[in-house]
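Order of writing sets the chain letters: A, B and C. Residues in each chain are counted from 1.
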Amino acid sequence: MTTTRKDIPGLARGRRAIRLTALSLWALLAMIVGLGNALLWSSVARAQQRDDANTGQSVAHQPSSRLTESDIARMLPATDMGAGAAMRHDARVDASDDGPATPFDAASIPRNPLAPDADAIGAKSCAACHALESMQAAHSLHVASFRAGSANSGPQAACEACHGPGSEHAKNPAAPGLIIAYTHDAKTPVDVQTRTCLSCHVGGARQHWIGSVHQERGLSCTDCHNPMTRLSAEGVLANESINQVCATCHQDIRAQFNRRSHMPLPEGQMSCVDCHNPHGSITRPLLKTDTVNETCTTCHAEKRGPFLFEHAPVAENCINCHTPHGSNQENLLALPVPMLCQQCHTNDDHVNDLLTRQSLRSGLVPDERVMERACLSCHSNIHGSNNPNGAKFHQ
Amino acid sequence: MLKHKPLTALLGLALGVAGPAPVLAQSDTSDSQRVGNTQFGNSLDPTGWAMFDAPDPAGMSWLHAGQLRTPTGVLYPWPRQLPDEARLGSGDWTYELLAELGYLHASGDRNDEFFRMYSGWKNGAALGMLAFSALNHRTGRYVEFRGSRISSQDQYYRLRSGRYGDYRVEAFYRDIPHTLSTTAYPLWNGAGSTDLTLPGGLATGSTPAQVQAVEANRPRRTLSVTRQSTGVSWEGTLIRHWIGYAGVTNENRTGDRDWGGPMYLTYFFVAPGPGGAGTPSVPGTFGGQYETVRPVDFTTTDVNLGLRNQGGASGWLFNLGMTGSFFRDHKRTLDYAVPFAAAPGYASVITGGTWSLEPNNDYYHVRLEASHPLKLWHGQFSVSASYGSMRQNDALQAPLSPMYCPSGQFIGSTGIACADWNTTAALSRQNGDARIDTGLLNLRVDFRPTAKLSWHLNLRQRDEDNMTRYTMVNPLTGQYGYVPENGAEPLVTGGTELFQPGSPLYQSNFAQIASIPFSTNDRKAELGGSYRIDRYNTLSASYLLDHQTPRPRERTYIDDQHLKLGWDTRAFGNATLRFSYEYEKRTGGRYNPDPYLAAYSPSMPGYVLPAVGYTAFTVAQMYKYDMSNLEASKLKAILTMPLGTTATLSATLYGNRKRYGADIGRQSVGTTGADLSWDWEPGAATSMSVYAGMASSRLKQGNVNDNEALTFSSPQQADMQFGGPFYPYANFWTATDNERNVDAGTHFRHVFSPRVRLDLDYDYTWSRGLDSYGYASLAAISTVYQSILSAADVGSSFPVNVYRMQTLTARLNLTLTRKLGLALYGKYEFGNYADWHYAGFDMPAELIVGNRVFTELGPQPHWHVLLVGAFVTVKL
Amino acid sequence: MSAMPRLLHLVALAILWAPAFSTAAADGAAAHKPAAWVDLRGQPPITGDARAGQARSAVCAACHGPQGLAIAPNFPDLAGQSATYLYMQLKTFKSGQRRDPVMSGQAATLSDADMRNLAVHYASLPAKPAGRADAASRGGQLFLDGDPARGIPPCQACHGPTGRGPRVYPSDAPQPPWATFPRLHGLSAVYVTKALGDFRSGARSGSSNARIMHGVAQTLDDADILALSSYIATQ
């Protein structure tokens, strides 16, 4: 006896579409690698030309201070953040191209549009007045990493790599906008702030920052991070923990974690960033994965299946039945059972009866459809069953 | 097998590469890219950082008072007092060590479910914190370790090491407890194993009184699951501009939780009590429901590989991520013996049931992301493509257990031979062979033609291919379908889910004969933009069309349209207000209430339509809420308002209204809420916050009872129309869930002198749920209850559900010497709880209700618990 | 069962009250010593009665001159100086964060009102007329531009381009206590040299402002101080 395949129209089409996606993925990869190589070549050639141009330029440009950007560059530590340097056509990168990458070599001084004529003055000048800031910052991951390896020369770019050239600010510190500032009253546009951070912290988890909801709503990196001091165990956060940072704006979500059933955030076992990437993602709720279910099944892998018998709303979206942050019902359910199930199951027989308070254990007609786990007493494999008798999830 | 090899290989790789590779370079790490394990804390210190958070009176700057604010307007916390760093040897290393060791003691209702939910409190020694960090200021190499232990079920240890801007290796171990019930009294022996046996004296055929007598003396147990995870990872630069990541995590999840066990419905067999209507009924002695206990014994191994590029000369940013996740279930079945005969009087052969628990599964996923700046309008183009595959090929289990339906026996009077169903020879194939593949392509362009205007276009396509096909056909009998509920249903009613062409007994049976391979394709197009009107105001708008083609579902396509408007303003003084509104409208193809016929017997050749037809699958006017029309509005406003130089007021106001175009099914949902908080930080010595919030929600649904008198007796049973003979208006009913939540609290911290610091928190949370119902007539309730219940009995709602918890937490730090300190910790928690699911379950004997066996009494209605701890703190 | 919660309450109360005792003890110990430094970061501009100050100024005039212009270069000119700066100096002389053989004793006898009045009085007197400072001199360069190569910030940032006080702009962000920053123009070279030397050595570090100057002065060598002092004297 052979099995009968029940073909449902549209499935073949779906399979074709997936193969097409997979194929296009590979084609894209091949194309990108090829293109990348080609561009790499041409840029090396361009870089050599640029070297000559730069030497000419540096003679022409006479900064008002005696410390040039390249002086500072030489004092940078020999470790690196090496991001996006070539994109900015930084002379220093070209100069060091023949040696091993020096990690912080891309931390050049960003241009401050509000002080176009300012020159770099070096961290020592900054720290003369900002002594406390300098001390605190030295204990935060961000500046500590700038300092590392520069014990002899001094981390001259440590301040200006983020705040832009400081000569104008040093002369007139109260004048707005003369350095790139990241706090509440900053005159620096948020866009300039984030671009400065992203020039080093490029790609990776921040690949989708542009167009993400936090970018569109005008948040700056420093709304969540404070690289000037160590306030958190990790993540250079603007508060003690990720959860506290997120809750400064998302108070309503934080409150949901106080409910009867919740993900273990208040207990410190999880953070918002376990599921969400606040820097942007390809999903609207900033999930780290392609879909809600892929996020949930990372930890709840047993519910991933696939099973012989799938439950349509389960396979479709966990949020059909669960509220992910917290709920007044058991197991993060969106509604009490049996009402949860009865929203869709109106079939016949035992599923569509009105069930009342008299069907409680304390009622006149105690009923298994209401007491304790209600529907789930029998249909326990509600996330899918791999039992040949499990079409209704009760085996 | 698979789960250990990649671990070893990657460990080798991680250690091999990380050790001798100082020339490699790396940017910041990518924790916010991968799911899980970003947070290490516990109930003693949820942040994992409180120990270090001693504010420095000198503040952040000699130049100005107080703290600066974030761009949005929230005060940054006071910086911490810089630690004493000691030199390590004669080199450039400095280190810092902190250990907090002590004793925890809980008294009162320390076994309460809510007190223990995610906290492994235990009387005894506890490690509050062990933290070590060392840094070489010259080379930037560092080692950081942080660990804490409340008990063996609640602990974490994490080590990070690397070189700033170069590479990082990480290793962690953690246990996270999850207590599911502390009031479980499982009837069976062997709870937590795959075989539940009846305790001494009980055998199938016992009476409720006999079972009750045994149950009354069963010991109390806690049902809980512990997640024990370990992981190692490495991240660092491979070659210039290319950063690699490799990580393996392994999680063992062990424990037990409540589960089910169906032996056919019992409520059908209820009889009116001797006192007549309005008096307690007599539960019938047919069928049976068993709240069992299932084992949890999972291992999940995740392998993550990543490779990304930092925009070298080509200007492309690449991000490639690969995930392999391997789930292994070490206890894949659950057998349970039952004390009640499903059908007394028969020589019952069904003496127990069997479950298939979750099968092993493998998951693979690869995603490539690339973006490149565009010259046109300062644009950016980005593309993301991914491919995923979920696979499962477990050995299938025999439909019935030979233990409880032994060969040689027959099920009741149906003639179904146990031998035909209790081996895997009864299956059409021996393995699951289930697989779902997914593919995703996301294309996006962002443009910024002027400094004020930006817009984007996003196209996304995601397809699923569910390749699982399983036909239930028994090669031994030639029958399609299955024997439901471990054979109990045929035993009780003679009914089956079997279909056999040419068999007078089964040729007209309406039975599911195949699995249904659900899948959805999804196309999304979004166009959006924002415009900065002036320095203080930005408007944004976006339109999204989400076109889904699910199959086989009630609609062949669904179009979800979202219009979103946003306004961000700083126009009100120095406050920031973010306001958003979203309108959603969902429409779709014609609604087909029964699209699943292909998986049922009437679609098979040889099916003979019975004279009365087959029972309507469902009522035609029911719209499932994921498929029905929908009109929704969502509104949210978030205000952050600086008050002077030391305080901030934050407020959130939100509401949403959803209307589903349905009378039957979910009709509407609405939520309204507001939150307010005030944070005050007058100086380094004091900080305080007060918060309060409320939320209320209302969900309404409609349903209709079928006219059971027509089932199998009249051709009218096939009528799917609401208002027709099978689903008459008189049987209509509605249910409404009303929920209200209030949260409030205050957090206070004061440094009385440099040596004495007090943290005091009070948190209050309260929720109230009322489930009410309405009905057209008493025909909405089960036919069997109509002779027992009056309208007055039925009333209009379930009892109120309440959850209230108040927590007072105090922590007092006393500095004795520069290196030695003392910390006293106290937490007083009390609350009350009511959930009508557990109403009437007050003692173990009450867990037996007719032919039903329950396991849990539910959370305690009231609890008070005091947790105290004393810790010695050593800093080096 | 009912005894347990009551016991719990007691323990909880005990924990909550414990800090009260330790606080008292700690405060008692701390009260005798002057604080190491005075926090001027939140100091608002002061007010006072200039006339009353004048009445109290006879002793001061002995060194600082009847019109607030010092009789000898080792004493600072007070005329036209920032009132808040003067007040804070008197205050720190009195409370011990700033020490001077003469001034410590003089300030000890002054009441808070006296100090305010005196400060306002001297601030109201006409400052010394501007001199002809040479911006191109070494001192001028340091004062106006600093020396980035050596990490010297320009003095004009806080003391103003002409030494007549800083340039202030409206802002919602926390601002430096501008009023507590002294005006430097025309101060004698001797006095400025001593002040910078004291800041550099840490002899004068008893206020948050002095701590800023400690950091700044440490970037200066003796030649820089000399150059700056002569430039400031001619401002």
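The criterion applied here is as follows: a residue touches a chain if its C-beta (ideal position, glycine included) is under 8 Å from a C-beta of that chain, and two chains touch if they have at least 3 such contacts.
From a predicted model like this one, the values you see are computed outputs, not experimental measurements.
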item: Chain at maximum distance from subunit B, centres defined as averaged CA atoms; value: C
item: Centrality ranking, top chain (CA atoms only); value: A
item: Intercentroid distance (Cα basis), subunit B paired with subunit A, Å; value: 21
item: Whole-Å gap separating subunit A and subunit C, where each centre is the average of the chain's CA atoms; value: 46
item: Gap in Å, rounded to a whole number, between the CA centres of subunit C and subunit B; value: 60
item: In subunit A, residues with contacts to at least two other chains; value: 129, 131, 183-186
item: Contacts with 2+ other chains: residues of subunit C; value: 172-173, 175-176, 211-212, 215
item: Overlap residues in subunit B, where contacts from two or more other chains coincide; value: 59, 61-63, 68-69, 574, 642
item: For the subunit B and subunit C complex, residues of the former touching the latter; value: 59, 61-69, 107-108, 574, 642, 645, 752-756, 758, 760, 808, 810, 812, 814, 824, 826, 828, 830, 864, 866, 868
item: Residue ranges of subunit A in contact with subunit C within the complex; value: 64-67, 71, 119-129, 131, 167, 170-176, 183-186
item: Residues of subunit C that touch subunit A when the two form their complex; value: 144-154, 156-158, 161, 166-169, 171-173, 175-176, 178, 211-212, 214-216, 218-219
item: In the complex, subunit C residues that touch subunit B; value: 4-5, 7-9, 11-12, 15-16, 18-19, 22-23, 26-27, 30, 39, 41-42, 172-177, 208-209, 211-212, 215
